[in-house]
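Naming follows writing order (A, B and C), and every chain is counted from residue 1.
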Amino acid sequence: MFRAKHLTLNALGVIYKVYKKSIKFRIGFTILSMLLIFGFIVSYFAPMDTRDWYVLPRELPPSKDNLLGTTAMGRDVFWELASSVKNSLIIALITALVSVTVSLIIGLMAGLKAGIIDRILMFITDTFIIIPGLPLLIVVAAVLKAWMTLPMLGVLMALIAWPWPARQIRAIVLSLRERTFVYTAMLSGMGSLKILLREIMPYLIGWILVNFTNTILFSIGFESGLAMLGLSILGENTLGVMIYWALNYYALFRGILWWIIPPVVTLILIFISLYLISVGLSDYISPLRGE
Amino acid sequence: MKVSGLARYVLFRTIQYLATVISGVTSVFLIMRAMPVNALESMLSNILRMGEVHDPQNLIVLRKTFYEILGVSESPLEAYLKFIIRVFTFNFGPSMVAYPTPAGELVFIRLPWTIGLLSITTLISWIIGNVMGTLSGFFRSSRLSKFLESVAIVLYPIPYYILAIVLVTLFAFIFRIFPAGGGSSIISRQLTFDVIINILWHATLPALSLVLPGALGWAFISSKTLASQTMVEDYIVFAEMRGIPKVQILRKYVLRNILPPQITNLALSLGGIFGGALLTEIVFAYPGVGSIVYTAVYFGDINTLMSVLFFSILAISTAVYLLDLLYPLLDPRIRYR
Amino acid sequence: MSDVKAVYALKNIQHGFKGKDDIYVDAVSNISLEVFRNEVLGIAGESGCGKSTLLKAMYGYVKPPLKILNGSVELLTENKQFEIYSLSPNELQKNIWYKRISYIPQSAMNVLNPTMRIRDHFIELFDVHLNMSKQDAYIQAQRYSENMGLPREALDAFPHQLSGGMKQRAVIAMAVSLQPELILADEPSSALDVITQKAVLTLLLEIRKKLGITLVIVSHDMGIHSVLTDRIAVMYAGKLLEVGRTKDIFDKPMHPYTQALIESLPRIGDKSYRIGLGGQPPDLRNPPPGCRFHPRCPHVMDICKKEEPRLIKKDETKVACWRHQGVT
């Protein structure tokens, strides 16, 4: 019904065009691709289950056998890092998918239907914008601590990620609505869904890509924040959890720098690359929207 | 009787403020009710295992309080009522991390530190970021502008607390300039000059780790974007064609027209800024609300966590409300309808 | 007409747009024109023919992607002569703009600062250009606006409180307030409803009568030209096709394009069927060779497709058409 294939092709087309034009995008894209390869492909070759503790001698500095050394819990830093990248990104992906979908639905409904539906939806949205995300998730995550799984974490973060994009989408829809072609469509009796697909989607695609990227960025950052408090899934590997354990064992003070620095640097690299991608995309789509 | 546009605006915003707080509280209530009961039970047993509470009488009271705070006692309507009453009387039961001190009180005494740190750093970030961003948007092609933009690209996505870790490592351990944590090293009830200086000294690093990503991050970027967009507006072009000097255009045309949407941007970002500040406080062991969060999480002290949540909802809603009230002062379109 | 002194002389102006794709759009092609003191000159032509660009060029407001390739624009006042293109933006801003030449933009909808009252716009002008104090400026502003039909309340208001017509009147009042030698108006009434249009046009006529200002009006509406102007210059696809007295242009249009323009005007009592010109204006990235109008011209000849006709004087009118140059 939503012609997903059509949308995906459209999205890929935009990505291709931006890649050619924007150097920021290229840099970000390259870094991210390398990280993706590291996280998803390289991690498959791990010679052990990275979740097991005390597999190796503890706190060994980097060597031929252990590229980045080992942690205080007897784990190989390199392989742990690889699977951490994978998990962090998977969580973030789930957050982005859920959040973008929800914000799209709500934003579009509010923008197209107006009137009382709009008011109600915006009231709910504004409420969630004002509720500070971190304290809320802290409470929820604290309660659900034992039950937490990777996907659940992703969905939880989507809970606080959706309101702001929903508002933005509504604003875009409202401004497009004022333009004649949508009015014409509405007056000529096309059902709202059809109007949506035909007239508005092309403008939204670029924006959706930007929002998707930003949400991933947000999610990775937020998860590492939660992890620092010990509220992530401490049994799994994510970048945040890695940093948590490192800090917990005072890696910084005890000079086990090979444990704390790689995840922090990787985290920063992910942030920068995602942001570059996001900026590259939005630089591209703004003039198209006549800004 | 004709009600002026301004009075209407204030009235409307006040109602909105109250409605938002209530709906926020209600949303939390609904979320808590959606939790599996098992989770709550296991939390409770975790707390009890910590061994703070022994007396069986107290246990029963505790369990009842607990359920009320989480809004899961009895029927939904009753639970909601009790929930609302608790929230608005700031009664969150005893805290676990400092039993039997009430959870609300624990948060309350830490509030001034957090609000002080947050409001000052947000204000400074906003001012610096806006000035730089507007200038940068105005003089788009200058090299300084492009440099600042690159700096912003690096700083903006990095969460505050990571910067905090970097700063603490650099300036408190490697170069021992600033204290590594705490709010003040002088324990005194009076705010003498020495005490104030000491407090400010301790607050410098945490403030820096909030101001740097703020001023060079979100404040800079949003104001630069706004300024660039405003630059191509018709009234700017026409002002230029009338021979108005550039500096004056910057001041009277660009800056004045950016301020209202920038206030809105600030209001919307407050939630995120608050969260970031909490984590930063933990890194620096700053005696604000953040410091209690870490321990509370460790002990599973849901009472304290709930009180933190509601204090923060209230704080942010109030801040947004105050900002909203500023709006008519800056945008004549609101004052005169 | 005695005492014909040119106030503004454009010589061989060549202007265009160079976009990111590096293709040059030839918007104003080799135009030479004179504006005489106290006259109202109309520049006519359909949308996209380059008249607005020409006007901005005359004003000296050249911003990328607009590029000046060639030409000179001279302002000749009683004792001084200014070559607009050779002046720096700073000099333009200080000495010329709004002091000697004014500009009335196309649509007044968004040209006023939303956070400034109307009177502050005036005060600002007087302060910047005449160094007047606030009180004096306010009095001046009141005088001018009363003349322009702007009531006191309008002066104290913010732009969003005024109607489109009021805003346009305020803009016109601002353009006149410093008593410049020349006013350039870009479609001064096109964005307005018919009734307000009439009010604005009447205002312009009054200004012209009372203050004796030289005025250049750009409009695609021939009706406006017939009412306001002394002379008309007809533009098409960046080129000047015909320049002459308004009366002559309307009575005896010479260029086929001008004829089509005049023909298209509705006349009371005339119920004959009107045939519009077929075709579209050419793409200025790749203009047709020879006379740019030849693809649409009902009287096109071979030479029209190859060589561009020059603007030659025939009777009192200048026209650029091979048919009027003794070629058959």
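Keep this in mind: a residue touches a chain if its C-beta (ideal position, glycine included) is under 8 Å from a C-beta of that chain, and two chains touch if they have at least 3 such contacts.
Everything numeric in this text was worked out from a predicted model, so none of it was measured.
The touch graph of the protein chains shown is a line.
The chain with its CA mean position farthest from that of subunit A is C. The distance from the centre of subunit A to the centre of subunit B, each centre being the mean of the chain's C-alpha atoms, comes to 22 Å.
Centroids built from CA atoms put subunit C at 54 Å from subunit A.
Between subunit B and subunit C the centroid-to-centroid distance comes to 55 Å (mean Cα coordinates, whole Å).
Subunit A has no residue in contact with two or more other chains. Taken together, the subunit B residues at the contact with subunit C in this complex read 233-235, 237-245, 248, 252-253, 256-257, 330-333, 336. Across the complex, subunit B is touched by residues 24, 123-124, 126-136, 138-140, 142-147, 164, 217, 221, 224-225, 228-231, 252, 264, 267-268, 271-272, 274-276, 279, 291 of subunit A. Every residue of subunit B that touches subunit A in the complex is listed here, in rising order: 19-20, 23-24, 27-28, 31-32, 35-36, 39-40, 42-43, 70, 153-154, 156-159, 161-162, 165, 169, 229, 268, 270-272, 274-276, 278-279, 282, 293-294, 297-298, 300, 302, 305-306, 308-309, 312-313, 316-317, 320. The part of subunit C that touches subunit B in the complex is made up of residues 59, 61, 92-94, 96-99, 103, 105, 107, 109-116, 124-125, 128-129, 157-158, 160-161, 174.
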